[in-house]
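Before anything else, here is the set of structures, which you'll find just below.
Each of the next two complexes has chain A plus one more chain, namely chain B in the first and chain C in the second.
Up next is the complex of A and B:
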C-alpha cells in the first residue's frame, strides 16, 4: 500500500512537471502554431540559472529562483527575436527545425558555461519528507504539485479572460488579420515567447531539487510533456493537466508493477494507442478540415 | 480581339501531339539538342510532364562515377572512411527525402529505423551471414514502419512528429534494455565485417565499392519513383490532401507507402552502418541523428532528389572539420544550423537550381525575344477570344474528355423519369451549437444546371462540403440513383462527383499538367510496383494520361502553361486549372463554388459558355454563385438558402418573384426597394438590359462579343 502511494505521489509530481513544461510550449503553439522543441532545454537552463544565482551570486534560495525566472523571460524574448521572427513566414517544419537548432545551442552553451558534471540544488524544505500512510513524500514534491495547479489555473485565466489572451488567440487564428485590427503582433509574439520561457524557468527551478542537475535535465521530461499534450489533443491548455497525470500514472504506477525496466515506454505506448483510435487525441475535436 | 501570336493557344488535338511547353517551342536549338540527348539515353519524354524530362538516371551515373573518382583520388583509409560514411548517410537521407521531402510527413523516426535495421542485421548476420542480415534489415524496417504508419498515419503533422519522436525513444530504450538481442546496455561489439560470396571486405577501402553500389541502387530507386505517378501523388498528398482525395488519390495509402519505403532505406543504411563500424550502440541512433537527417535534407534542399546527397556531405563533413574548436563544436554546429535555415531557405540544391534557372533565363533573353516571360500573358490574351468558341467546339468533338451526351438533342430541364444525377436529402451540418445546414434537400436532374444562392453565411459552401464529405454531416445522398455514404470524399468522387472550391485549390508543388493528370480516372499502374518493375506499360499509361490532361488544359485555355508550376499561377488561372482537373475526371455531376468570383466580364462569359458546353456533354451542374445574372442566364432552376434552410426553389423567374427570397436577400423591410434580381429575372431573355449592380451583365447565347 505504501508502495502504491509512493508511486502515485511520484506520478502526480512528475505529471505536474510534464504539465508545466507542456504549458510553456502550448502557449507558443497557441500563438504561433509551432511546437517549440527547445522547451526542454529552456527548462534545463532555468534550473542552471537558479543553481548559479544561489551558489555563485550567493542569493537566498527564493531570490535565486525569482532571478532565474526573470532571466528566462528575457531569454524567451531573445529566442523570439533571433530564432523565430526571421523565419516566421517559412513553413512550420523550418521553424521547428530552427527551434531544434536553438535547443542545441542552449544545451551546448550550458555545457560550456557550467561543465557537464552533475550538480545538486537545495530545496526550501532542506529535504524534509512527509510521511503518509507509510509512504515518504518529499515536501518539494508537494510544492511542485501545488505550484503546478496554481500556474495552470493562472495560465487558463490569462489566455481565456484577458486582453493579452485574446491577442494570443487572435494571433493563432490569423496573424495578418490580428495585425490589421491593431494588435501589436510582434510585441504579443515576444511576450508569448517570454512567458513560455519563464514557465520553463519555473519548471526548471521546481524540478532541480528533486534530481541531479545535468544538461539533459529538461529534454526527457519534454518528450513526456509532448506525449501528455498529444494524448488529450494538442493545443488544449486546461486538459493537459489531465494528460500529464495520465502519463505520470502510466510511467510510475503501471511502471512500478509491470516490467519496471521498460516503464519509460508506457507513456508513449499509451499515446500511440490513443492516437491509433483517436487521431486528434482524447479530447481533440474529431472534425474534418474546412476548405 | 487582337491577332493571335504566331503560335497560338493550340486547339485541343494538336496541342497534345507534341510538347507544347512555350519554353521548349520558343528556343528550338536547346529543344532539338535535348531531343538528341533523349534519344541517345533511350528516353522519350515527349508529352510527359516535367519530371520525365529530366535525366535523373544519367545524373545517377554521373554521381556514382564522381564518387568513385573522388574515392580513388583521396585514397587512404581516412578518405574512404569519410566517403563511406557519406554514402551510408546519403542512403538514409534519400529515404527521408521520400518520407518528408516528397510526401511531407514530419517524421523523427528515420534514425530509429536505422537502429531497427542495424540491430536486425547484426542479429541475423551472426547466424546467416551479411547478405541475409542486410536483406532482413530492410524487410524488418519496412514491416515495422508499415505497422507504425498504420497506427498513426491519420494524425496531424505535429502529433505525427511527436508520435514518431516517441517511437524513436521507444526503439532506443528497447535496444538498450533488451539484452537478448544485443549486449549489456545495447552495445554490440566485434561485429563481423561485411562479406559477400565468401569475400570479406576487411578495410574501408575494400568496402567502399559495396557502399557505393548500395548508394547507386538507392539512387536508382528514387530516380524511378521520381519518374512515376508515385511522385505526383505523394506531392499532392503533401501539398493538398483534400484535392488529392477528391482527385482519387488514396491519401493514407500513399503516406504509408512512402513512409514504409523511406524507412526501408533507413533499415539498409543502419545495417551498413553497423557492419561498417563493426560496433553498434543505441546512442548512435539518438535524436541527434534524427536532427542531422533533417538538417541534411533542409541544407541540401527538399525540392530535389539531389539535395540529400549534398546535405549528407555537409552533415558528415562539417562536424569533422569542426573538430579543432574542441568543446565549442556542438555550439557552433547548432548555431550554423539556425543560420543556414535562416539564410538558405531552399537548401543548396535550391540555390543551384535557382542559379541555373537564372542562367538559362539569361541565355534565353540573349537568344530570342522573351517568349518565356510573355507566355502567361499571351495565353491570357488568347484565352478571351479563343475561349468564346473553344469550349463549345471542344464539346462537339469525340476526342474530348466528357462523355457523349445520351442523346445529342437532349432537352435541358428537370429530369422526368430518369434517376436524378444528384439527390441529397435531409442534409444536416452542425458546428458546435450552430446549425449551419438544416435538413436541406436538393436534387439536380440529369443534364440540369441548378444554382444555389443565398446571402453569405447561409450554408451554401457548407452544403457542398457536406455532400463531398469534407465536413461531418447527416442525411442521405444519391448519385445517379445509387446511394453514396456521406463523410467519404473518395466514394463521392468515385460516384462521379467533381467539385471546385471557393478559394481555388491546386497542388502548388506540381505543374499544371501534373495537377490535371492527378485526376485522370485511369489509375492503373500508379503504384510502386509499376514504377520499379513495369516501366514500359506504366509510361505508356502515363503518356495517355498526359494526353487527356493536355486536352482538358486546352479546353480551359491553359495549354500554354502545361509545364508551369501551379504555384506561379494567378488567381484566375487557378480557377481554370481547377476546372480542367474536374473536367478530366469526366464527372457526372460538377459542384462549383463561386466559379465566377473575381472574373471579369469576358471571363464570366467564357465561363458561362464553358458550363453550357459541359451540360451539352451530359454533365449536371450545381453552382453556388453570387453573380445572379450569370445564374439567371444559365440555370434551369435555383435553390435559395437562408440560415441553412431552403426558402425557395424553382425556375429563376419564379424564385425571384417569391417575397421570401426578397426578404432573405434584403432583410425584409417592407419599404425595401425592388431588388435588382427580380427585375433581371423578368427581363431574363432580354440579355444585358438588367443593370444588376452585383454582377456583370451576361449575354444569353453565344454572341460573346456583344457586350461593351
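Up next is the complex of A and C:
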C-alpha cells in the first residue's frame, strides 16, 4: 500500500510538471499554430537561472525563483522576436525546426555559462518529507502539485475570461481576421511566448530541487509533456491537466508494477494507442489539419 | 476621407490590380464593381494591408498610411469586413464583438463605449441577440455576415470596407443585411465590393467598375443605372 501511494505521489508530481510544460506548448500552439520544441530547454534555463540567482546573487530562495521566472518571461519575448517573428510566414515545419534550433542554442549556452557538472538546488522545506500511510513524500512534491493546480486554474481564467485571452483565441483561430479587427497581433504573440516561457521557468524552479541539475533536465519531461498534449488533442487547457496526469500514472504507477525497466515507454505507448484509435486525441477538437 | 493612389497589387506573377486611383468622400457610399477576378477583393485587401501592395499610397483623412500593418490600420479606424466573413469560429458571437474593441483602443476604447456599441450592434441586428453565446462555427452564413459587420462596427469605423456582404445568402437575408447597411451609411462612409450590381447601385452614391485589375469606368450610381448594357459588358 505504501508503495502504491509513493508511486501515485510520483505520478501526480511528474504529471504536474508535464502539465506546466504542456500548458506552455498549448499557449504558443493556440496563438501561433506551432509546437515549440524549445520548451524543455526553457525549463532547464529556468532552473539554472534560479540556481544562479540563489548562489551567485545570493538572493533568498523565493526571490531567486521569482527573478528566474521574470527573466524567463523576457527570454520568451526575445524568442518570439528573433526566432519566430522573422520566419512566421514560412511553413509550420520550418518554424518547428527553428524551435529545435533555438532549443540547441539554449542548451549549449547553458553548458558554456554554467559548465556541465551536476548542480544541486535547495528546496524551501530543507528537504523535509511527509509520512502518509507509510509512504514518504517530499514536501517539495506537494508544492509542485499545489502550484500546478493554481497555475492551471489561473491560466484557464486568463484565457477564458479576459480580453487578453479572447485576443489569444482570436489570433489562434484566424491571424488575418484578428489583425483586421485591430488586435495588436505581434504584441499578443510576444506575450503568449513570454507567458509560455515563464510557465517553463516555473516548472524549472519547481523541479530543480527534486533532482540533480544538469543541462538536459527539461528535455525528457518535455517529451512526456508532448505525449500528454497530443494524448488529449492539443485542445483545451483543462484537458491538458488530465492528459499530463494520465501520462504520469502510466509512467509511475503502471511502470512500478509492470516491467519497471520499460516505464519510460508507457507514456508513448499510451499516446500511440490513443492516436491509432482517435487521431484527434481523446478530447481533441479538429487539429488534424494543422499538424 | 479615403484616397487610394496608383495602387498596384500582384498575386505571385499575376497583376491583380494595376495603377488604380479611387476615393471615398465624407458621407459617401461607393461601390466597387466588376466580374470575378477583376481585382475588387484584392483592392480592399491591399487598402487594409491584409495583403501587401506592390506600389501605391492610401490616405485616410489626408494622412498617408505609410508602412503600417493591418492591425495598425484598423486601429486608425479603417475597418475591413473581409471576403468569407472570417468570424472567429472558437469565440461566441458576443466574444467576436467584444474582441473587436481592440480597434478602438486609442479612440475611446473604454468599457462604457464598448457597452454602447454592443447595444448598437444588437439593435442593428436583433437576430444576433438570442445567439450571443453561440460559437462562431455554428452560425449560418447570414448570421456570420451580421457578426462580421457588427465586429467592424465595434471598432468605430471612420471608413468601412465591405467585401461581398450578400454572397451566398438567401434573398430575405440579403434584404436584412442591406437594410442594416442603409442605416450604417448614414454615419459611416462605405466602400462596397459587390457582385449584385443592382443592390450595390441602389445603396451607393457612386461606383467604380474594374476590369482585369484596371479602372474600366466610373460615374454616379444614377449614371450607371441608366447604362445597364455598358456596365453589363464590363461585368462579363
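As a working rule, the second predicted complex is superposed on the first by the 284 of 291 C-alpha atoms of A that agree within 3 Å, B and C clash if a C-alpha of one lies under 4 Å from a C-alpha of the other, contacts with A are read in each partner's own complex, and residues count from 1 in each chain.
Definition applied: a contact is a pair of C-beta atoms (placed from the backbone, for glycine too) under 8 Å apart; a residue touches a chain by one contact, two chains touch by 3 or more.
All figures in this text were calculated on a predicted structure; none of them were measured in a lab.
Let's test your reading of the overlay: on chain A, do chain B and chain C clash or fit side by side?
The answer is clash.
Pick one for A:181: touches chain B only (first), chain C only (second), both, or neither.
Second partner only.
Would you check which partner chain A:151 touches, where first means chain B only, second means chain C only, and both and neither mean what they say?
In the superposed model, A:151 contacts neither chain B nor chain C.
Now for A:137: first (chain B), second (chain C), both, or neither, which partner does it touch?
neither
Who touches more of chain A, chain B or chain C?
Per-residue touch count on chain A favours B.
After the superposition on A, what does A:166 contact: first (chain B), second (chain C), both or neither?
A:166: touches chain C, not chain B.
Where does A:217 make contact in the superposed view: on chain B (first), on chain C (second), on both, or on neither?
neither
Counting only touches as set out at the top, which of chain B and chain C does A:72 meet: first, second, both, neither?
So A:72 meets neither chain B nor chain C here.
Considering only touches as defined above, state whether A:31 meets chain B (first), chain C (second), both or neither.
neither
Going by the overlay, flag which of 127-135, 451-459 or 577-585 in chain B ends up clashing with chain C.
That would be 451-459, the one stretch with clashes.
Going by the contact definition given at the top, which residues of chain A touch chain B in one complex and chain C in the other?
In the superposed arrangement, which is not itself an observed complex, chain A uses no residue for both chain B and chain C.
In their complex, what parts of chain A are in touch with chain C?
That would be residues 163, 166-167, 169-170, 172-174, 176-186 of chain A.
Mind pulling up the chain A residues that touch chain B in the complex?
That would be residues 29, 35, 82-83, 86-87, 90, 92-94, 96-98, 100-105, 107-109, 111-112, 223, 226-227, 229-230, 234, 261-262, 264-265, 268-269, 271-272, 275-276, 279-281, 287-291 of chain A.
Considering only the defined contacts, which chain B positions touch chain A in the complex?
It comes out as residues 100, 106, 151-152, 154-159, 161-163, 165-167, 169-170, 173-174, 177, 241-242, 291, 294-295, 298, 327-331, 333-335, 337-338, 341-342, 345, 465, 469-472, 487, 501-503, 505.
What part of chain C is in contact with chain A in the complex they form?
Residue positions touching the partner: 48-50, 69-71, 74-75, 79-80, 82, 86-91, 95-96, 98-105, 136, 151-152, 154-155.
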